[in-house]
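Shared between the two complexes below is chain A, which pairs with chain B and chain C, respectively.
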Partner chain A sequence: MTTVKAPGVWQRSANLRTGFLYLLPSIVLFAVFLFYPMIRTIYLSFFLTDQNGNAAVNVGFENYSYLLTSPAFLNSMKATGLFVLYTVPIGIILSLFFALLANEKLKGIGFFRTMYSSTMGISVAASSVIWLFLFHPSVGLFNRILVAVNLPQVQWLLDPEWALFSIAVSTIWMNTGFSFLILLGGLQNIDEHLYESSRIDGAGYFYRLRRITIPMLSPTLFFIITISLINAFQTFGQIDILTKGGPSQSTNLIVYSIYREAFINYQFGTASAQAVILFIIILVVTILQFKLLEKKVHYQ
Partner chain B sequence: MKRVELIDVSKSYDKQVDVISNIDVTIEPGEFFVLVGPSGCGKSTMLRMIAGLEEITGGVLEIGGKRANHLSPDKRDLSMVFQNYALYPHLTVFQNITFGLDVKKVKKAEQTKRANEVAEMLGLSDFLKRKPRELSGGQRQRVALARAIVSEAPICLMDEPLSNLDAKLRAHMRTEIRRIQRKLGITMIYVTHDQVEAMTMGDRIMILHEGKIQQVGKPIDIYNYPANPFVATFIGSPPMNISPARMEPTKSGVFIGDTIQVSMTEQQMIAGAARPLLAGIRPEHIQPVVTGTEMGNKVQVDVTNVEILGNETVFSFQVGDREWMAKWSGQWDIAIGDQVPILLGSEYFCVFDEETGELIRKPEGLAHLSIAKEVSL
Partner chain C sequence: MRDSTLKKVWIYFLLVVTSLLVFFPVVYAFMISFMSGPEILQGKFFPEAFKFDNYVKVFDRLPLMKYLMNSFVVSLTVMIGQLVVCSLAAYAFVFIPFKGRDFVFFLFISTMMIPWEATMIPNFFTIQKLDWLNTYQGMSLPFFALAFGTFLLRQHFKTIPKELQEASQIAGLSRFKFFWKVILPVSKTSLVTLGAYGFLTTWNMYLWPLLITTNSSVRTVQIGLKQLQSQEMSTDWGVVMAGVIVVIIPTLLLLFIGQKQLQKGLSQGALK
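Let's look at the complex of A and B:
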């Protein structure tokens, strides 16, 4: 009599092991550059550190409780929230508007498409320097215009009332190119026949926009909203160059605050705690977005 | 039920070369009019010009007796079915069908009533809640059809609506579309590249080639009396066999090679005198030589290819440097390389002027069968 032996664990896991082998390169890369830093950050957020960033004293959740009561951090959260509100909706509506314009079939439209997407080709540092000049209190373009039309000058980057607004304006300008390009790509993917068919039915421009363009563009819009939100939460470069978090902390967004806490004040523990909080905020916002918005997205 | 009239219509994209020229045709109210031609002949462009999706660069388009050159598409009182159906993928079948009604601000109750009626007519009632991607190709085609019908426009344009369906479904939808068109009495302008669709569906068909009208007429007339060699080879499957012919005035006829003679009347001889000529015969008019066959062109040919299609046999052979085909009904036991005696009835030949394409000699003796005469009760 022969008995059929049940395959062993080694044999049964053959597929799993092959799959794992294929994933190995990305797992290694992710582990080194993402998972390890992330775990290290979470670990450090429970410690006070020495000057070199080594864990010294375990303080449990003290870093967090300190942060959540610290007026500086709460201010930083508020500034970040405001910044996201200023930049994301306006940025997306503006890019959508440009994309709709540039999607028309006109002579020389290629020129405008290049222009509208050109900010993608400029680094944050370079465009920040450009805006630094534009915002300059005495020789900047904006103040000259204000003087020319007899309005009082504005201390764009130096006035705590205006600084966040000014940064938001320059950020919208910087991000428009990318959003524009993605949205234009989405628009061009919509079948031209749908518009022709609706024209025969007599649908006007806004009717078509509402019932064809926006629904057909919804996956792209959803993508760009998600990306823009995450990007806005992580804004750093333009703050560093334009205001350095000032004046009076009004533009001290979370990522900049993390940077200062860690590399200027050498408080790696609290910096890590801030990073973890930012991570949780972005995670929650993104999950909320998927829960609330994705139902309205039409995927092909 | 409106008339569509095209008067010397032309279209050019670069203001120099006309892609469509000299289109003069009147499509009668309630008529099923088919535009047929090979790819790139301009038939879709013409349809889109009628729809108002392309600008007309020359001539006049009249719809219902009114000049419509610059009317916007929705003012032309027509509906259109696109080749890829152009269904809105994010809307349900019901919303797709009522889209046009919603644009025209028809009342919700009326929309529902009309959509349900049309869905009933096309067998879509069970699918109204579905999205287009959840439908089969044939069902999508029906939705597109429903969308055109529900608008109750007196004119319906169709741009190769059946080309994405499989052969069986296509044959079914042909009769379906024809039935609906008859029932509603709409004026139909139907574009296709498929000559079978053109022959079976059209009240009249127009054959386009390189932007020019080749022939307009009833399908059977076009089949019997093609206006030029292009039409002769485009309509009919397998196509008409055509070879160069030379005139022999002394024998009152033209010859293909030395053996095939086509007799002509005096008038036809005059019309074709000193012109390069083409003579053609349909494959089904090439007959087997049977005992009792007397007069006519009896030729022995070497068979180069054979196809048995169940109820008929198609075989090819060389005539001069052209390959000809013959279609015999029944299953014939013919092998490649066989010598087959065939009969080419002189009366069945068309003769064309090679340069102008003009039909000089019409075929004669075509059998028109009628129930009253042929069938004994």
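Let's look at the complex of A and C:
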């Protein structure tokens, strides 16, 4: 009996085995570099650690209660929230505006599309260095313009009142390329016939925009809003090059704060607790996004 | 008729003004990269002459050639790694039905909820324990598996008619042969999209190389820019901008060539 049954199971599981084999590289890599470290981060967040990141003393929720009462961390959370608020809506509206322009069927439109998408090809480090120069107090372009029109100069990156705003401006610029490309792709997927029938009815441009374009584009918009939100919470490179979290902590966004706590202060326990908070925020944002927008999104 | 001409003029006007504004910082950096210190102080837009002094200097002050090579090797490695790992996974999701596939698919989706930065501390120690600091494998291996890339390829594989699989089975092609000889060749466009995307994002990566490179052996150009900017900050903006231009040329070229492809491919992957 067993000799008959064994190959049966073996054969029936053939798909399972091959399927698993094809998925194995992904599963192993996700396990080692994503799931394990995420669990390890949660674990470490309940400990004080030694210099090598090993758990030393179990402190329960103390790392969290310390963070939630620490003015420095609360300030970092506030700065992160403001940064998201400054960059995401304006970034998406601007990219949508560019994408609508670039979706017109005109001669030479390919050239403009390339220009709008160009910032996607420019790294955060390179962009930051360029903007560092533009913001420079004496030789920078912005202050030269202010002087030319007789306005007082601004210490863009050195003034706590202006630094976060300045970083936000440069970040919006860096991100338009990617958002533009995605939105343009979405616009081009909209069926031409929809417009043709509305044109016969004599509908105006803005009517068509509101009634056809935006609803048909909503899945793409939904995608890009989610990605932009997540990206904004993960901002790091421009902070490291432009301000190093200063002046007086005004641009110490959460990922920069985690980086400093872990790799400069060697406080891996509190850094892990911050990382868990970041994880929770992104989780909540994504779930809220789905819950709120799912109903309003029009899928073709 | 007049109405549509007027509209065209308007659109061209907006196109020119806004696209120039978007591209301006790059042009400005390009101009600065040819200027000497005094010229920059004067606040000119056009340099007196297009001399390559700053470019010679930047290669002199940094091992920039080495950094460029490193960036190229790491980006290429991640690109190939992602293509292999993601296409294998996408193939299983489309062509091999098995019990528990939905669960594995859910697992893939859940990876998109974990911000990479939340895992970087243990990842750093993993790489350190493997003795992979300052190595190419430490720079690239953690990024081979990518849910977004898998979904993008899965989208395309799903459009391939199932009859093709039946025909290949009748012809006696093995599963792997079918994947390698049939599926991959007909999915060239998606593979190119994912490849370009992977190369671009890896070339531009900043935080991970900052953490795991402590010397110039595998350090990438992005970290080179940080070094350059902190060394030269007040003195030589021309040299710094020359560095910036050298670093952005490869990716800008890649983007200019592949812009159409990327835009089509990425927006398809975005809509599941």
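Rule of thumb we're sticking to: the second predicted complex is superposed on the first by the 278 of 300 C-alpha atoms of A that agree within 3 Å, B and C clash if a C-alpha of one lies under 4 Å from a C-alpha of the other, contacts with A are read in each partner's own complex, and residues count from 1 in each chain.
In this section, a contact is a pair of C-beta atoms (placed from the backbone, for glycine too) under 8 Å apart; a residue touches a chain by one contact, two chains touch by 3 or more.
Here the structure is a predicted model, which means the values were calculated and not measured.
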Exercise. Between chain B (first) and chain C (second), which, if any, makes contact with A:Pro215: first, second, both or neither?
Worked result: first
Exercise. Can A:Phe98 be said to touch chain B (first), chain C (second), both, or neither?
Worked result: second
For this session: May I ask you to decide whether A:Ser197 touches chain B, chain C, both, or neither, giving the answer as first, second, both or neither?
Result: first
Seminar exercise, completed: Of the two partners chain B and chain C, more of chain A gets touched by chain C
Exercise. Looking at the overlay, what does A:Tyr207 touch: chain B (first), chain C (second), both, or neither?
Worked result: first
For this session: Considering only touches as defined above, state whether A:Leu82 meets chain B (first), chain C (second), both or neither.
Result: neither
Exercise. Does the superposition put A:Gly121 against chain B (first), chain C (second), both, or neither?
Worked result: second
Exercise. Same chain A residues contacting chain B and chain C, which ones?
Worked result: none
Exercise. Of all residues in chain A, which touch chain C in the complex?
Worked result: 15-16, 18-20, 22-23, 25-27, 29-30, 32-34, 36-38, 40-41, 44, 52-53, 97-98, 101-102, 104, 106, 109-110, 112-127, 129-134, 139, 141, 144, 173, 176, 181-182, 184-186, 188-189, 219-220, 223-224, 230, 233-234, 236-237, 240-241, 255, 258-259, 262-263, 268, 271-272, 275-276, 278-279, 282-283, 286
Exercise. Quick one: in the complex, what on chain B touches chain A?
Worked result: 51-53, 72-75, 78-80, 82, 84, 86, 88-91, 99-100, 103-104, 133, 147, 151
Exercise. For the complex, which residues does chain C have touching chain A?
Worked result: 8, 11-12, 14-15, 18-20, 22-23, 25-26, 28-29, 32, 40-41, 43, 84-86, 88-89, 91-92, 96-101, 104, 107-108, 111, 113-126, 141-142, 144-145, 150, 175, 200, 203-204, 206-207, 210-211, 222-223, 225-226, 228-229, 237, 240-241, 243-244, 247-248, 251-252, 254-256, 259-260, 262-264, 266-268, 270-271
For this session: Over in the complex, which chain A residues touch chain B? Could you list them?
Result: 191, 193-194, 196-203, 207, 211-212, 215-216, 218, 298, 300
